[in-house]
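The chains carry the letters A, B, C, D, E, F, G and H, assigned in the order they are written, with residues numbered from 1 in each.
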Amino acid sequence: MQTARSDAGVGAVRGPGRDRGLAIGPHVLGSRLIAGTGKYRDNATMVEAIEASGAEMVTVAVRRVDLDRSVEEGVLHHLDPARYHLLPNTAGCYSAEDAVRYARLGRAAGLSDLVKLEVIGDERTLLPDVAATLDAARVLVSEGFHVLAYTNEDVVSALRLEDAGCAAVMPLASPIGSGLGLVNPYYIREIKRRLSVPVIVDAGVGTASDACVTMEQGVDGVLMNTALAEARDPVRMARAMRLAVEAGREAWLAGRMPRREWAVPSSPTEGMID
Amino acid sequence: MTETTAIRVTLNGSARTLAAGKSVAGLLRELEVHPGLVVVERNGEILRRESYPEVRVEDGDTLELVHFVGGG
Amino acid sequence: MQTARSDAGVGAVRGPGRDRGLAIGPHVLGSRLIAGTGKYRDNATMVEAIEASGAEMVTVAVRRVDLDRSVEEGVLHHLDPARYHLLPNTAGCYSAEDAVRYARLGRAAGLSDLVKLEVIGDERTLLPDVAATLDAARVLVSEGFHVLAYTNEDVVSALRLEDAGCAAVMPLASPIGSGLGLVNPYYIREIKRRLSVPVIVDAGVGTASDACVTMEQGVDGVLMNTALAEARDPVRMARAMRLAVEAGREAWLAGRMPRREWAVPSSPTEGMID
Amino acid sequence: MTETTAIRVTLNGSARTLAAGKSVAGLLRELEVHPGLVVVERNGEILRRESYPEVRVEDGDTLELVHFVGGG
Amino acid sequence: MQTARSDAGVGAVRGPGRDRGLAIGPHVLGSRLIAGTGKYRDNATMVEAIEASGAEMVTVAVRRVDLDRSVEEGVLHHLDPARYHLLPNTAGCYSAEDAVRYARLGRAAGLSDLVKLEVIGDERTLLPDVAATLDAARVLVSEGFHVLAYTNEDVVSALRLEDAGCAAVMPLASPIGSGLGLVNPYYIREIKRRLSVPVIVDAGVGTASDACVTMEQGVDGVLMNTALAEARDPVRMARAMRLAVEAGREAWLAGRMPRREWAVPSSPTEGMID
Amino acid sequence: MQTARSDAGVGAVRGPGRDRGLAIGPHVLGSRLIAGTGKYRDNATMVEAIEASGAEMVTVAVRRVDLDRSVEEGVLHHLDPARYHLLPNTAGCYSAEDAVRYARLGRAAGLSDLVKLEVIGDERTLLPDVAATLDAARVLVSEGFHVLAYTNEDVVSALRLEDAGCAAVMPLASPIGSGLGLVNPYYIREIKRRLSVPVIVDAGVGTASDACVTMEQGVDGVLMNTALAEARDPVRMARAMRLAVEAGREAWLAGRMPRREWAVPSSPTEGMID
Amino acid sequence: MTETTAIRVTLNGSARTLAAGKSVAGLLRELEVHPGLVVVERNGEILRRESYPEVRVEDGDTLELVHFVGGG
Amino acid sequence: MTETTAIRVTLNGSARTLAAGKSVAGLLRELEVHPGLVVVERNGEILRRESYPEVRVEDGDTLELVHFVGGG
């Protein structure tokens, strides 16, 4: 896991040669999969799954310490911050003010300037309030944060977030926790075409092929949580996701064959015997 | 006035009565909370960890003790 | 690459534990990807791509020796038969008789009883003549061949081919060389549910996510050629395919999360600050 | 009758004139075809490799020399 | 409802001018929707729904008279044969012999040579046994039947059924009663391109848009039953289906706009004010 | 075409009984199809197509009079305003100010308070600038306009536009002029569920089945232009669209059958002969 | 021989005892089945409707009475 | 000063010279534009149709004449 600056992940270097990794703020990640740490049946499974996923960056939430705690739920008791880049999120915030406050608490707790900015606009769909996200992003960027902004599939909003100085823009594939996969590949493809900061698809991936087809759109990475935590075997699914993200990335760099509505033989039509 | 005087604070949303004159560090010790893993927000201000021993908890303070938990 | 008999690949052993590999006739393959050797721009690229794909079994065609040859097109000059299981095909045959004749020539050339049986029923779509395939399969099985039968997505035909003693049944995802991917997952899933011999999806896969989603239906393997040979970078696509096939297999064994049309938060809704 | 007598065969679809009395092994040698990599079908019958030295090519034979090429 | 011979429905007359209707055997139908009469909650609903569907041909099954009947289930007590062409089916038959026997009984009961030939090959999917269907078709054609043959999406089988003299070929959109809609448009389109007898998609249509998109492939008609009988409001759904079949037919004849991945304004970009 | 106030189109009255029409501002439209008037090869075709579409409301753009005009391009020379409700748009505007200015000019020209508010945020995709649209909507609503607001598929933005007092909210199916159809049915369905003002899907419909499936999501209407103007036969496609919109509406009101992955016979399994 | 003699037939799959000498038309009348709407198959042979009055039901006959029901 | 004095205006984006003292109605007549089908915006203000006869076009005016065209 290098930490030297590099523009490797910015845009995509297609063609031969090794893929150079995903640059987010000061970091260059060897893995294009970012994993969430929520909703696992237990911490041991969470730790093992994240290890299997190959993720080098993991999201965490900021919550009150449970003062009359039976169980220790602090995630740092389980995850080694020396091994994983922690990405504090502002999940659960419905206003720019709250999001900024949580971002600052996360920075104080993690001693890192990275933040996954999330300002929710609707409780049922958990879709973002893009205007409030933009307001919060401007404040946080001015305070030196590296902002990874959760947003919807709208190209216009994505461009605004880039203009606001976000370090990465994170459109969703489908609603958080839905597992519906990549519903609108056109928009995700267009967002990637138009932005120069990394585009990381956040939320909606349900299984390996969802992650694979998402990466085949040319995006720089995928962030997932529920698909791992709610799989029957989270560790095995995490391994599948690691492979699928690499597969999709490689396939995009390799350049797929054309689609045809008719058949073409794979064996020579010459040289048949009489 | 004596050290035994009690003060009232709001700690993570619930009202608590504490002995007066306690430092934030002392409070954490009493709560068995590892200072290195939490952040303390006092009346909306985030406290630097180095300041925990000096800063005294005052009557009427609103304190939030937060840390990282699993999340996506 | 073991060669001891095993029922590993027959049906699918879901749940924890290593996936035991794909049993075809006398062989147990560590890789669930079978690669074709046709249509590469040159033999060096073919060899490198097949190596990158991780395939342990490769298909070859039987054709006349070019007696006034400039270039040596015999595939055994390039592929080491000690390293790869050769799977001779009957590509280009339009009758049971021709297919049987080519299968016997393939056996004589390869000194192996494996054959990929293909009897084409229509030149434009290259869809199989299922009745003729069934006739040829019966003859070849009686002669001791391990028959891997190319067929369409029809469950009834697949069951008949199993009854005829085929070692594996190979429905297509979409027409040969089309790259349209898995058009009818319902049928492929049902074929897998109903058969006990290995089900290997043959033809139609165009990119990594196609291979991944195909394996997620629970099938035992995927056979591909054009998707590798016609990629802009065949070697890189071969690597992508190796990863994608493993990813899809692991995801299926892991058991995916449920799909939902509404959102579910990944971070706790408790413990928010005031 | 002498060895110089010529015979006519159909080889991979085209008519050829060969010197009589040639064995299949001899024919392959003449064609510079490695016997280990080809299969010879003679009048619809596949010949065992071991038989190449004995089997003589006869006038009117139809021979197919095939091998493996790249295919899917 | 004319009954004069016409090749109107054979193939498709694209371009301006009225669509001339669907020719099946001796009949020319104004409506391209053929309705089944099974599974309605009651006969009154069935009659009203079929009327609303605009169908001129309806399928019926041949079954034993219930000799100790409480209710009269004979369909001719409810449907006027002078108003609808009856299309007896061989539903429930698993062999060519049974199908031929039912076809003959249907002809004797209906005094018509039309038959919807169905030979089932698998009870779970109700997919056809194509080989047996072909055998039965040859017998029935030789006996002067106008055979409408239920088959799968396989182009090769469809061509064989046409060669056998079928009056129409009826591939499925998806399994009978599944409501999954048109799963494989490529195959249906190709079948239509390749055959000259009418192609009527039978089974799988679940709602109006399924019928519409099916007709947009250029096929000559759609046969449906469950989509009407199992709708919450069968009569209203029947009206929807009538409209949808016409809409899909007209759209196909009209020729759709091209698809584009980018936007094109609908209003002039000239003449803006300063 | 009534003009009495009615809440008929607000939300959807499912179940038996006639569908009461679409209420927009002061009008109740019998047709749920709104047609654009741009891009036709000639005015005669435009007029005939709109007539065939059954539309009662048509969109028009506001542009400069061509003072050295050869041809008369004023649309009112061709369309009778007594017959069609004119819906002036603000197409081509990239700021709230411009949109408000065009809306006022449209009101002065059409002597009607209806406006199709469009504020574009990106020239390549023609996706809306939602924030600017919201600003313009507030101004126009305060000036007594009945605002029909073009927006993206975002539920949050749709709710904000409703709160701002819009008379209807018009999310897109896919980008203007793309013909990609309904890419994200989940979002459109959710927008309809959450709003109480009419939801009219604007842009992206390419052929009849697109319009049909869009209406099956329960929305109140569809607005289209390119799908008609660019069809090979615009008048025939307009007829197809009229039928498809009705079909989709009726199907939604009728309530479709359930989808199943297995088959269910349409004919009785009882009463077979021996 | 008298009309009261009984015969046994298989009718739509179930064994029945009938008075001997009955015609198919008579049987249908007795069963209250409208002859115009049914088809009678006797020992695998479909009977023409015109023949119902003449054809006698014989001992051991297998009869199938079928008609159209709703189906897809 | 006389009525023959000329004024300069910007009309639909292009500079024009007009005879002074002309009313908007007069201008439309001269341009052969049907007043009922257009809207006139003068220096950013939309003019009511009834006012066309009174309102005079002044030197330096910016006039926009717009109408409805086909659009989606």
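Operating definition for what follows: a residue touches a chain if its C-beta (ideal position, glycine included) is under 8 Å from a C-beta of that chain, and two chains touch if they have at least 3 such contacts.
The model shown is predicted, which means the values in this text are computed figures rather than measured ones.
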What's the overlap between the neighbours of chain A and those of chain B?
C
Shortest contact path, chain C to chain E, counted in steps:
1
Which chain maximises the distance between its CA centroid and that of chain A?
G
State the pair with the higher C-beta contact count; candidates are F-H and A-D.
F-H
Between chain F and chain B, distance of the C-alpha-averaged centres to the nearest whole Å:
58
Please report how many Å separate the Cα centroid of chain C from that of chain F, as a whole number.
47
Computed distance of Cα centres, chain G from chain E, in Å
35
For chain E, residues that touch 2 or more chains besides their own
36, 38-39, 61, 63-64, 89, 91, 105, 124-125, 127, 175-176, 180, 186, 225-226, 261, 265-268, 271, 273
Chain D: positions in contact with at least two other chains:
12-13, 41, 64, 66, 69-72
Residues on chain B engaged by chain C in the complex (per definition of touch):
12-13, 41, 62, 64, 66, 69-72
Note: in the complex, chain A contacts chain D through residues 265-268, 271, 273-274
Okay, in this complex, where on chain A does chain B touch?
36-40, 43, 46, 59-65, 67, 73-77, 86, 88-89, 91, 104-106, 108-110, 176, 203, 223-226
So in the complex, the part of chain F that touches chain E is made up of which residues?
15-16, 36, 38-39, 61, 63-64, 66, 89, 91-92, 101-102, 105, 124-127, 175-180, 206-209, 211-213, 216, 225-227, 229-234, 236-237, 239-244, 246-251, 253-273
Using the touch definition up top, name the residues of chain E that touch chain C in the complex.
121-122, 124-125, 127-131, 152-157, 159, 174-175, 180, 183-184, 186, 190, 194
